[in-house]
Every structure is written in structure tokens, then in C-alpha cells.
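Heads up, the next two complexes both have chain A, just with different partners, chain B and then chain C.
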Partner chain A sequence: MSEVTLTIDGQSVTVPAGTTIWEAAAAAGIDIPVLCHDPRLEPVGVCRVCAVDIGERTLPAACVRRVEPGMVVHTDTAEITAHRRVLTELLLADQSATSRRETTTGDDALYALARKLEVGTIPWPDGSENTPRGHDTSSPVIAVDHQACILCDRCVRACDDIQHNDVITRTGKGHATRIAFDLDQPMGQSSCVSCGECVAVCPTGALTHRALPERPAHLEEVAS
Partner chain B sequence: MRLLAELAAIQSRDGAVSDAALRELAEQRRVPLYQLEGLRSFYPSFRAQPGASHRISICRDGPCRLAGKARGEALAAALAGHSDIDVEFVSCLGQCDCAPAAAIDEHHHGPLPSHDTLAAWIAGAGDLPEPATGMTAPLPTDPYAGPDEHYATSRHWLCEPADAVINTLEAAGLQGLGGAAFPTARKWRFTREAPGGPRTVICNADESEPGTFKDRLILEQAPHLIIEGMLMGAAVIEADTGIIYLRHEYERARVALAAALARARERGVLGPDARGPGQGFDIELFISPGGYILGEETALLEALEDRRGEPRHKPPFPVTHGLHGGPTLINNVETLAAVATILARGADWWQAQGCGDYAGLKYVSVSGDVARPQVLCLPWGTSVAEAIAHCGGMADGRELLAFSPGGASTPFLPASAAATPMAFDALREAGSGLGTGALFIVGSGRDLADVVIAQARFFRNESCGKCVPCRVGSTKGVEMASAAGRGEAATAVADELRTLHQTLQRTSICGLGQVALLPIVDALERFPDEPSLQALQGAGHE
Partner chain C sequence: MKAFTRAGASKAAITEVPTLCPYCGVGCALSYGADANGVIQYAEGRDGASNARRLCVKGRYGFDYAAHPQRLTRPLIRRDPAYPKGPLSTFSRADSSGPRKPGGIVDYAEVMPHFREASWEEALDRVADGLGRIRSRHGADALAGFGSAKGSNEEAYLFQKFIRSVLGTNNVDHCTRLCHASSVYALIEGIGSGAVTNVVRDIENAEVAVIAGCNPTANHPVAASFMKQAAAAGTELLAVNVRRPGIAPYCRQYCQIRPGSDVAFYNAVMRVIIHEGLHDRDFIKRRTEGFEALAAAVESYTPETASEMTGVPAEEIIAFARRLGQARSAMFFWGMGISQHVFGTDNARCLIALALLTGNIGRPGTGLHPLRGQNNVQGASDAGLIPMYYPGYQSVADPDVQARFEALWGASLPANPGLTTAEITHAALDGDIRGLYCMGENPFLSDPDINRVREALASLDFLVVQDLFITETAEFADVILPASAFMEKRGSFTNTDRRVQIGRPVREPPGEARQDWHILRDLAQRLGHDWDYADEAAIFDELVQAAPLYANLSHARLGMAGRWYPCPGPESEGERVLFGDTFPIGRGRFVPAQLGEAPDLPDADYPFVLNTGRQLEHWHTGVMTRRSRALDAIAPEARVEVHPDDASRLGIHDGAWTRLASRRGEVSVQARITRDVAVGTLFLPMHFREAAANLLTTPELDPYGKIPEFKICAVRLAPELPPSAPSPPAEASRAVD
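Coming up: the complex of A and B.
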């Protein structure tokens, strides 16, 4: 396989052709933040927090864009950080006051990114109050919090591409889009087999195990 | 593209795409339910439940909002108690020459009726939409005196080498007329040189940006030029398949295209020997299930591949990786028609048509506060002021306040810029763009803040929802601007809107998100003293 040499944050990096910028950066020890990407899944580049600067009119998604010979990539400029902060704030503006992933397993990727980017007061209108999306507690195993969903598409790909259970989709359009099961049935009445893959890949509190106990309150960390 | 056509057939048959119908389809076609739900919920022409026996759809955008927002709302209020009539407000219907435009049962489109004419209008629900206002066949760019002469140009050019076709388009200086202005000759050359298959020519007939209706006129009056342009594209890129992707509201255009395609097949222009002995080419007419975003070329491809119409990341571009992964030539209606004109009359003739150094003829949709909104065919480089004069001047004794020259994504310019030529470079230098060639005129006494917020709201409404900046950012931006416009914002919003716009512009996957807040942010810069915008500028503004 042919190799490609490019520059990432001043480092010369050589990787096989067909590698994505995110993979090439990871190989060089450079961590580009992601929310929608998981190395086990085909990248979709929808959260846009992995935006990098390669001198084009727009900032491509590092998880999707393939390396090219001589490419000069900046992953961490002041402009990129500012955009990542705005994107994180936008997602947080639609979140409930607490994340069930944060209060149970404590590994909500959105909250972790908010802490890393030192997100403070959120200037955008509160979507959890203005346009609530609701919960689905019909499954005895999995709790669905549509308000915590950031539409990263990880559960859709995990259900349909990894497990081939073919249950989850996105329904609707625009800001009203949310995940749905079969023909938008409650999860407990759908063909879901409760395999748990969607919970395993979900980066937020949207899909969590119902059986998990809440963590003690003193361990809770909440952005802002 | 079979599933979407089947969903459309179910919708047409049952007045809805019910769960039961989808379960049956899933069994028949061996596709998962989730996929059908994703499609049904994404495309606005599909409904999960049948509505009342009649549905009135009133346009809420651009010129229609300007001309009759109050009338539309009054009609909706008056009909609120009628269980047999649903009233809904929808995105641009492409009937801006009839503003305020409305549709009955998604068929008959035209001017919103008054209370007095409502019954007659509902009775005519099955009629074809009003023809586009402007001119009738033969169009000024139609090289043919009558139907018997149609396709004489391609008969000649199919015997010439592909390079000669491309060189002629290059000499004419033709650029993509759907708004992107990409040099047509280069696109054709790239697609020709791209290896592999399947190879497809697509006509993008999905114009849907508020104020844009010029392709509707060309589709209705000169479908043979579009077919001929596609045939030449097929010859150049060696494609055997063509698709016209038509917005579903354009029923008159659909009838005209279907008749023209049938005639072309009868004459052998399309069919097994269309490009030469044994080299076939035929064109399928595909009716879009709706949504402005489908005019984005990769969203259009997703729809044709039976997925939700969400734009792809680029690169790769359709010229190398398009429909089903093969090289795909996608051109706008006006571009393809211009190909036929240029090949018939020559690059020199085309060059001679423009004003001064500009080349060619341009179809422009003029809407808003002019006396006679219509499609004009103008020499390239005609000024905005001249275009207004061609439409009978300003309406209702208003003075020119501002104009958007190329659709909702092109910023408004002040009256002082009215001498600017209608051309890509001149309007870009003036701070806006020719875009889709949709000149939207706003007169004195109008609320410019309401107009620009409505432009952004259109993009918010039409966001596919795929990427975060557009899905969430356009929603938050419109919410903040609307609140400020109503005087409900606690603090100034101009700085926040600028910050948000920068993120949308740089990180949205497609052009929709990149421009969604531009109409507002640009107007705040360009019209610092406009009274209606002061509520958004904030108290600190001087």
C-alpha cells in the first residue's frame, strides 16, 4: 500500500494512503476531540468538533477527510478552539440539567469536552425548556432520554452496522430530528433485542442501562 | 430510487403513508422498518396520517410573506373551525410571481384566494398550476422556430468529438447557473476523464430558494432544450442514464417534460441509439418528495439512492463519485438549456449577447415590491435598476429600500447599489452574489429586520438536521434574532449572532448551514442605520 506524508501541527507524519486525518493524528500522538466518531464505526462527521484547518474555505471533519500528500493540517488553533466551544455550548444548551450517564458511570463525553474547553456560561437559548423532547422508559433494560441525545448517529450505526439488528433510525428533520425505533415505536414495543450495543457506544446520557445505580452526589461534576 | 417512488405511490393512493402500508412494503421489499421510517419522516410530501379532505398550503417565505403574511394568517384563522380543510404554512412553493402563493391539495398552485373565491379555488383542486409569468415559447434562447426542428443541434454535434463540445462551452464562458458559478466546461471535462461507472447525467430541477422560479419557466416552455443539453452531456461523459430531478410542486413542468420526453423517444432522440449506433441514452423523470435541501447535489444523490436527503462530505465530488459511486454530471436546468443554445448558435453569438464585456443571456426571477413580478431574459450584465424597470418599476408607489439579487443566501444591498450589473463578479464585489438569479425587491416602508430574519428562518426550517452547527446553530440564531426583533431580548444579540454565524460558516457540512445566518449578520453590518434593525443592534450601537 502506498504511503502519504503530511504535516500535522508542525510534525511530519507518514501513514498509509486512505488514512483519515483523525487516524493520522492519533498515530502521531495528537488527540483531536470527537463526539460522533468511534473507531469501530464508519465515520459520519456530524458533530463537527473534530474540525481541522487545512487551508480550505471550510474546516473539514478530521474523522472523515482522507490524508493527501503534502497536506498541512492544524488541529488546535485559536479559531478551531472557538468553534469547538460554540458547538459544545450549542449541544449543552439543549441538555437537561443533569446527564444520567454523568450521574451513573460518570463518562459523558459531552460534559468531558465542555470541561476540557472550559465552557462557562452558555449564551444560547435553553432548548430543554423551550422544546422538550421527552423520555422513553418503555424498555425494561434501556432508558432513553431524547433530551440528552446529540444525534451523533453512533447508536444507529452500532445497531444497524455492528449488530445488524436494524432497529434504530433518525426520524424527522432539522432541529426536530430524534432517534427512533422501527416505525417510531416506543423502544419496549419495537424489535429491539436489548443487546446493549447502543448503550455501549452512546457518548451522552441519551441511552443508559436502567439498572445502573446513581453515583453518590459528591462525585458529580457538572459543566458550568 | 425505488423505495421513494413506492412511498410516493402509497401517499398518492392512500393520502398517507401509514404504518400498515410500510409494514407491508418492508415485507415485500425485505427492507428494515427503520429505513422506511427514516424516509417517511424526512420528506415533507409523505404524511403518517391522512388529513382533512382538503389541505391549503400557504407559502410563508420571502416575497409571499412580504405580499400577504396577514392575508394568509387571516384565511387560516377564518378556516380554523372547518374540519374538512387543513391549513398549513409551508416553505417557498416556487410561485413567487403569484405572491402570496398557495396550493390546494398539493396540486393547484397560484395566488392565495380571497374568502370570496375560496370555494371556486377548492373546486379546481385538480387543475394544473399557473404558468410561470414572463414569456411563452419560443423563449429568446430557443434556437428553434418550431417542434419539427428540435434536436437538430445534437444531431450535428453528436458527430463531433467530445473535446469540440467542451471547447465550445469554454469559449462561451458558460458557468453553472444554479448558483455555484462553476465553469461548465471544466465540470464536463472532469466527469469525462473520471474512470469507472455507472455514469449518469442529472438535471437538477429542484430550485426551491425563496424568490427563485426561473427554472420553472424554462421547464414549462422549453423542455426540449434541457433534454438536448442532457443528451450532449451524456455523449461527452459517455453516460447511458439520465435523470431529471424535479420538485414535486412543478406539476405544469412535469406535464411538459413528460410530453417532451415521449416525443424525443418517438423520434429516436432518446433510446437505444441516442448517442450513436448501439450507444443508448434515456432520461427518467424523478419527482422529488420535497425539501429545499434536495437541491444540494449530494443530498439529491442520497435521495436517488433511497436515503434521507442529507448532504455528503466533499470531497469526493460527484464528478468522480456521484450516483452509486460512479462519475455523475449534475447541472442546473438553465445551464443545460444554455448548452443547447450555445451549441446551436455558437460561442461567438453567445458572447455577443451580453452587455459590454459580459457574455450571454440570463433568466432572472424578479419578485417582491415590483409592479409585475416575473421571469426576465436579460443580457448578462444588465443592471438591477433596469431589471426593476422591465417589471414596470416599483409597486404601490414605494421607493427601492433594498434588494437581494440571488436568493435567500445572497445578502441585501441598499438602493444605492442598484446600478450594479447582474453578474457573478460584479455582485460579489458589491458584497452580495448573483446566486440563483432571484432578484427580490424590498420597497420603502417595509420591515427589513422581519425580511432578513425570515430568510434565516427559511434555512432553519429547511435544515436537514445532519450536522450540529446547522441543526442547532440555525435554530438558536433564529430564536435569538426573533426575540430581539420582538423587543424581548434582555441584551444585544448582534455579537452573539456574528459569533454563531462564523461557526456555522466554517463548520457546516453544506452551503445551507454556511449561509443560514448570513442574511441577518450581513444586514446588521450593511444597514447600521435601518430603524427596524436597531432592536437587534442593541443599546450599545450608535
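Coming up: the complex of A and C.
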């Protein structure tokens, strides 16, 4: 396999041809933030927070753009940081007041990114103020908060391409776009097998583990 | 305008402990996130060799059973008025086949008053005395032990060592007997090794994979995800099953055979392959023996004859044979639909012959893979928890081996092979077995023909049960010892891929509950054996010494990731694909099989064939999963699957109550109408005590593997009025939200 040498943040990096900029940077120990990407998934480049400067007219998504010989990549300029902050603020604008992910598995990637970028006041209106996207609590084990969903498609790809259960999809248009189960069934009535892969890959509070259901009273018997 | 003012995440309070999933043989690596009190909050997949961070619903959500309030915290001794022994709860009595209450776990309010709490000193003295007295009065072979494939290798090793060297009998077995005993027999006979020859994930290198008599999306869900992934990338799956498996939509071909006709199907496939010259002549010549006898044996199974026997059109049999015969590489996966028959060994012989015939062993993308059920059924068998073998499949009947183990263990050992699981309960009924040590098994629900098992358990002079809960079996116990759960112990576990991995403790056993190996050590000491081990790693080292199979492995070398066995050197990862050049017995043996007949066939009174098995959300007798709130909430009830044609003929609608009766017992259960089962056949999961499938099953055994016939019994099905629940712990309280 042929190799490609490029420069990332002043560092010379040699990787196999076909590698993405994000992978090449990761191999060199350079952390480019991502929300929609997970190394186990085919990249789709929809969240754009991994945008980098390669001297082109626009900022390409590092998760999808392949490396090229002699490419000069900047991952951390003032322009890029401003770009990422705006995107993050836009995503946060219609988030719920609290992320369930912060209180369950504690790994909300959107909130972590906001903290890293020192986001303060969000200068954008909450687009869902009058049209909340709603919740789905029909599954005993997985809580769905459409308000926290950033449509990154990670859950769709995890369900289709990792577990091959083919349950999750998208439905709706524009602001009303959201994830759906089968032909828009409540999750608990869909063909979902509760493997939890969607929760594992979700970067926000959109898909989280529910607290274990209450034990029915007749099972609450204490030994001896 | 909002302000983003969130403080730091609360994850700091959580400790993640890298360990394994306690459920199936796939052996997924995971971490439990536990809070400061040791309460597990979530499970997260680790990048294990068999799961690549994937989990299924049981691994992801089924971990809270260990924290269930019914956990035993002190030893219990049966009170005098509770003799003579018998079932203690309404549920477990013979006359209890009427309406049941929901919930599916032992009613402690009913059972506990028959026991009193005792100190460990008193309880262990009582056990040592109970077992010792039977040995001196009736001989060691009046004793038996059931170990468990849920325990670690270290526990399995010590348990069989205890039964053999301390009690002095080879009557030691575990649930492999109910699972793949027939497959293991056929594999040892055919190629000289009972374990898989290749790992699940190598299916990505296979051109074709046969998925025979198994339902991996329910029973090995993470393995199924790799099968589906391979199918998406071009591997062609060929499924054969009496009941439509969940993976069928991902298969190139699914053949729905009639119950018990597997041998006819595979013999016909082999006949087509031979007649069309698709067999691997070079492999057969170099690597096998007995081909002529096989070719002669399958000759009468023309596709047309086999079509009549199996119900599969002749052209489908031919298409199956051609696709398999033409493939450059093929893997063979199978499960309980092959093994759990009185002709289970013959079924497995056919699959082994098919692999030898097509030269599909020993290369990437080829191999034999009986999907092992329990998380440690491979390891428990490797560690000698079977009546005919010492650790490492070394025959107890071989005097040289016996001498070696007598030297290693410093004890004289019995020379005669012991009894198997179902033989032990039969022998208890006959009065030949009088004492039983049951560590983590629940034969009351797991063994066939519960009415027979009930009598057998009640007839024992002495029963000690070591478990997490009062199981149905423990209702018959003289002494109950509170043991440790998976997430409370350190130990190694060997998955279906032969990968040995370490499980680590997340929480402490509750109250006075003890590590299982401490209990065994203390009992051995009471019975005059000087057992002492520094820790689990030291027990493992002795196991490696006893079983050359595990050479080059140690707890330190297993580390976080584990290794496959055989492991040829200290630096080796272990071997994924086995037998590239030769088999442990030299040449592979073709063992021809003829179509046999099940012992309990339908007639006018019992017109249906009942198939029993498992479902995604539950585990075996439900001791764990029915105490998991999430799993119990998702799947709270049993359903018998009925084909819509049969249902409409009998006036049964989806969800209707029905009465199922076999020649041995009967249950009431709601119906699920589905085309997954064929007309004239039914399916009932084994997990639900209130509709216990094993009240119906037949106790006949396979002559070689001694595995019971769980897959075919004749039953009658009739609509029934809904049960008038006697004590209504309101059905409504089961709703979750």
C-alpha cells in the first residue's frame, strides 16, 4: 500500500493512502473534535465540528476528507475555533436545560465540547421554543429525548452497520426532522432488540440508559 | 438567550471495572460503571476479541440480579418439621399446574419459614457430616456433584477436584450435558478435539456459512451481529432450522426442515455433493478416513427421498448442496437444534462429515463451531467438570492418567467413569444416588420431565445447594450455602471461541455470602484434605499443570484482553484457526449416521410436536434474568408459539390462554401466533417456571452424549379460559411506567 506524507499543525505525518485527515491527526496524537464521527462507523461529515483548514476556499470535514501528498493541514486556527464555537452554540440553542447523559454515563460530547470552547451565552434563539421535539419513553431501558438529538446519524449507523438490526432511521423534514424506529413506531413497540448500541454511540442526551424500572411490589421480598 | 453554565460531568463518581458479561458463550468484554457503594449503574462494551465493544440486551441491562433483595446472606439449614423433604412452595408441588401468579421467582414468604439461619461453622459441619455419612454407609458412588458453567474455570476445577479427590467419585457433571454433550462426543470422535476449530468472527473470511439448528440473534446476539455483518459484506448464510431463526432474512437460503429430520437433510446434501463431484478429493485423501463408508451410507438419501423426510423440496436440497460444495471456504455453526436430541450425536456427526467432505477445516473462513451456550461451558468442560474426563479431556478410565492425577492431588482416585446429569437424577430415583452437592445449577427447571426431577430431589438423603438465591432446586435442600455472583469474583472464563479471559469483582458479596472457592476449600479441609491456595491465580496455575490444554496461560498473561487456547508460547495470542495440517487423532473420521426416531412422537391424542428453547431477554431457568428489572420488564411472560393455521383451526387468538399437555405434564400459557413455527409444531421457551417447558419434555437420552431430548415431545394444545389468579399481586403492578 502506498503511503502519503502531509503536514498537520507543522508536524510531518506519514500514513497509508486512503487515510482520512482525522485518522492521520489521531495517529499523530492531534485531537480533532468530532460529534458525528466514531471510529467504528463510516464517516458522514454532517456535524462539521471537525472542520480543518487545508488552504482551500472552504473548511473540509477532517472525518471524511482523505489525505493527499504534501497537504498542509491546520486544525486549530482562530478561524476554525470561531467556526466550531458557532456550530456548538447553534447545536446548544435548542438543547434541553439538562443533559440526561451528564447524569447517567457522564459522557455528553456536545457539552464537553462546549466546555472546551468556553461557550458562555448562546447568542441564538431556541428554534424549538414553540415546537418541542418531544420524548419517547416507551422502551423500558432506553430514553429518547428528541430535543437533545443533533441528527448526527451515529445511532442510525450503529443500528444498521454495527449491530445490523436496521431499526433506526430518520423521519420528517427541516426543523421537524428526527430519528424514528421502524415505520415511526414508539421505540418500545418497534422491532428494537434493546442492545443499547445506539445509546453507546450517541454523543448527546438524545439516547440514554433509563434508570432501571422500579421493582414490582410483589418482587420486593427481602431475604430472611 | 440561554447561558451555557453547566458544571463538570458527574462521571467522576463512577468507577469503571473492566470485566466480562456473565451471560452467554460469546464472552463479550465489558466494563461495569459502579458508584461509590458498588451499585452498578451501567455496562459499556470493551474492545474484546469476540465483541469489539458490542453488547446485547442481557449484557447491557441484565446486571442488577446480583443486587436483588432476595440474595442469600447467611447459610440456611432446613428445620426439622420440614422433613420428610419435598417442595416447599405451592408452585413446586406436583398439583400446581393450575393458574400461576406472575413474577416467576421463588416465593420466599412461603419457603423461608422452613429454614433457619445458621453460622458458617454449623452449616459446613452439617454438609461435611451429611456427605461423609452417606459415603461411609453407601460408598462414594452414592454421592454426586452438579457444578456450573456459570462459575469460573478455577471454581469448576476445584469443584471436580473436590468431588473426585475428597468425596471419591467421578459422579460430577454440569449443564454441558444439557447443551452440547452430543456435539462434543461427535467432535472428539471425529477430529479428536471437542472445542471449536475456528472463532466466530472469522466468518468474515468465509464464502458460505451454514447456520444449523441455532438462533443466534436470540442466544448469541453479538455473534449474530458479526454473522449479519459478514452477510452484508458478501458471505452467504445458509440456515437450516425447524423454527425460522431471526437471522433468516439475512440468509441466502433458509430450509425449514421437519423436527428430527436433520440427518436426512445433511445426508442428502452430502449425496448431492458426492454425486456432482463437489467434494474435496485431495482433502479427503490427505486428511480423512472412512469416506467410502460415508458415501455408501448416504447413497439411499436421494434428494427426493430426503424431501419426503424433511419437507424441504428436492431442488432446495440440491441448491443448498451446490452452493456449499462450490464454496472455496465454509464455516459451520450449530446449536441446540442439532445437539439436544436423542440422536444429537448423529446430527453433529453429519455436520462434521460435511466439513470433512468439503475440506472446510483448518483454513481461514472454514471450520466447525458449535456455539457454546454458557459464558463458561467451554472452560468448565476443559477444567474437568464432566464424569468421564479429568481436566483437559484426559480419560478417568486410563490408569496412567489416574496415577498422574493421584500424584498431583495427593489422593487416591476412583477408576470408573461417573454418571452424567440426567443419569444422576435417574439414579437418585432408584436409590443409588443418595447425596448431591449442587453448585449453581437448578435441575428442577433445567432437566427434562420436572415431575421426575421433583421425585428424584425429594428422594435424596442429603442435598446441599450453593447458590445466590433459593432456587426451585434449593427448596429440596438440607443446607443452602450463600455464594458469590459473577460480579463479586475474580476468575477466568473460556468463551465459545476458546478465548480465556479474566472476570473481575465490582462489588462485595452481600452479608456473609462467600466466594465459592473458599466454600470448597473449607469443606475439603473439614473432610481431611489439606487444601490451601493463595488466590484464584494459584488455582489457575494448578489447572494449567493438570491440563496441558491451557499451557502457557496464567492470570498475569491473560491480562486485560485474554488469549485463545491452545497458546503455543508465552508471547502468543493463542490460535484462532486450528488443525491446518493434522487433527489430534491424525486423520479426521467420517462417521456415517442414519435417520433415527424420536422417543415421544405425536399421535391422535398428542398431535403437536413441541420444541423448547430460549429467547433473547432471558437466561435458562430465569434465576438471573427474572431478577433483572429491565429484562423482566421487557419480557415478563411466557408465550407458546403457534402457527396461524393451527390457531384458527383451534380458535386460539394471539394472547389467548391455552392448555398444553404432554404425556408427562401440562402447563397453561398464552399463545403467540407466528409463522416462525411450522404447522403442527409449537415452540415454548424454557425460562418461565409458571409455564415450565420441562414439565412437558421427555427424559430419554442420546446414547453417546447422554443429552436429553429437549426438542421433540408430543403435546396437545387447547384453548383455556384465563386463569382466575388466586392471589392477585396485581398484573398492573408489572407495568413499568
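Here is the rule we go by: the second predicted complex is superposed on the first by the 209 of 224 C-alpha atoms of A that agree within 3 Å, B and C clash if a C-alpha of one lies under 4 Å from a C-alpha of the other, contacts with A are read in each partner's own complex, and residues count from 1 in each chain.
By definition in this document, a residue touches a chain if its C-beta (ideal position, glycine included) is under 8 Å from a C-beta of that chain, and two chains touch if they have at least 3 such contacts.
As the structure is a computational prediction, the values presented were derived from the model and not from experiment.
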Contacts of A:Ala93 with chain B and chain C, given as first, second, both or neither: both
Partner chain in contact with A:Thr105 - chain B first, chain C second, else both or neither: second
Touched partner set for A:Ala61, first chain B, second chain C, both or neither: first
Chain B versus chain C as contact partner of A:Ile150, first or second or both or neither: first
A:Ala26 touches, of chain B and chain C: first, second, both or neither? neither
First (chain B), second (chain C), both or neither touched by A:Pro123: both
Where chain A meets both chain C and chain B, residue numbers: 93, 123-125
Residues of chain A that touch chain C when the two form their complex: 40, 89, 92-93, 98-99, 102-108, 111-112, 114-115, 119-126, 137, 140-141, 161-164, 193-197, 200, 209, 212-224
Residues of chain A defined as touching chain B within the complex: 45-49, 51, 58-61, 64-65, 79, 82-83, 86-87, 90-91, 93-94, 123-125, 127, 130, 150-151, 160, 166-177, 180-184, 191
Chain A partner contacts - residues on chain C that touch it in the complex: 1-4, 6, 8-12, 14, 33, 41-42, 44-45, 52-57, 60-61, 64, 69-74, 76, 101-103, 105, 107-109, 112, 117, 217, 221, 225, 228-229, 231-232, 250, 616-617, 627, 629-630, 633-634, 729, 733-734, 736-737
Chain B residues within the chain A interface of the complex: 19, 22-23, 32-38, 41-42, 44, 291, 308, 313, 460-469, 471-476, 479-480, 483, 496, 499-500, 502-503, 505-509, 514
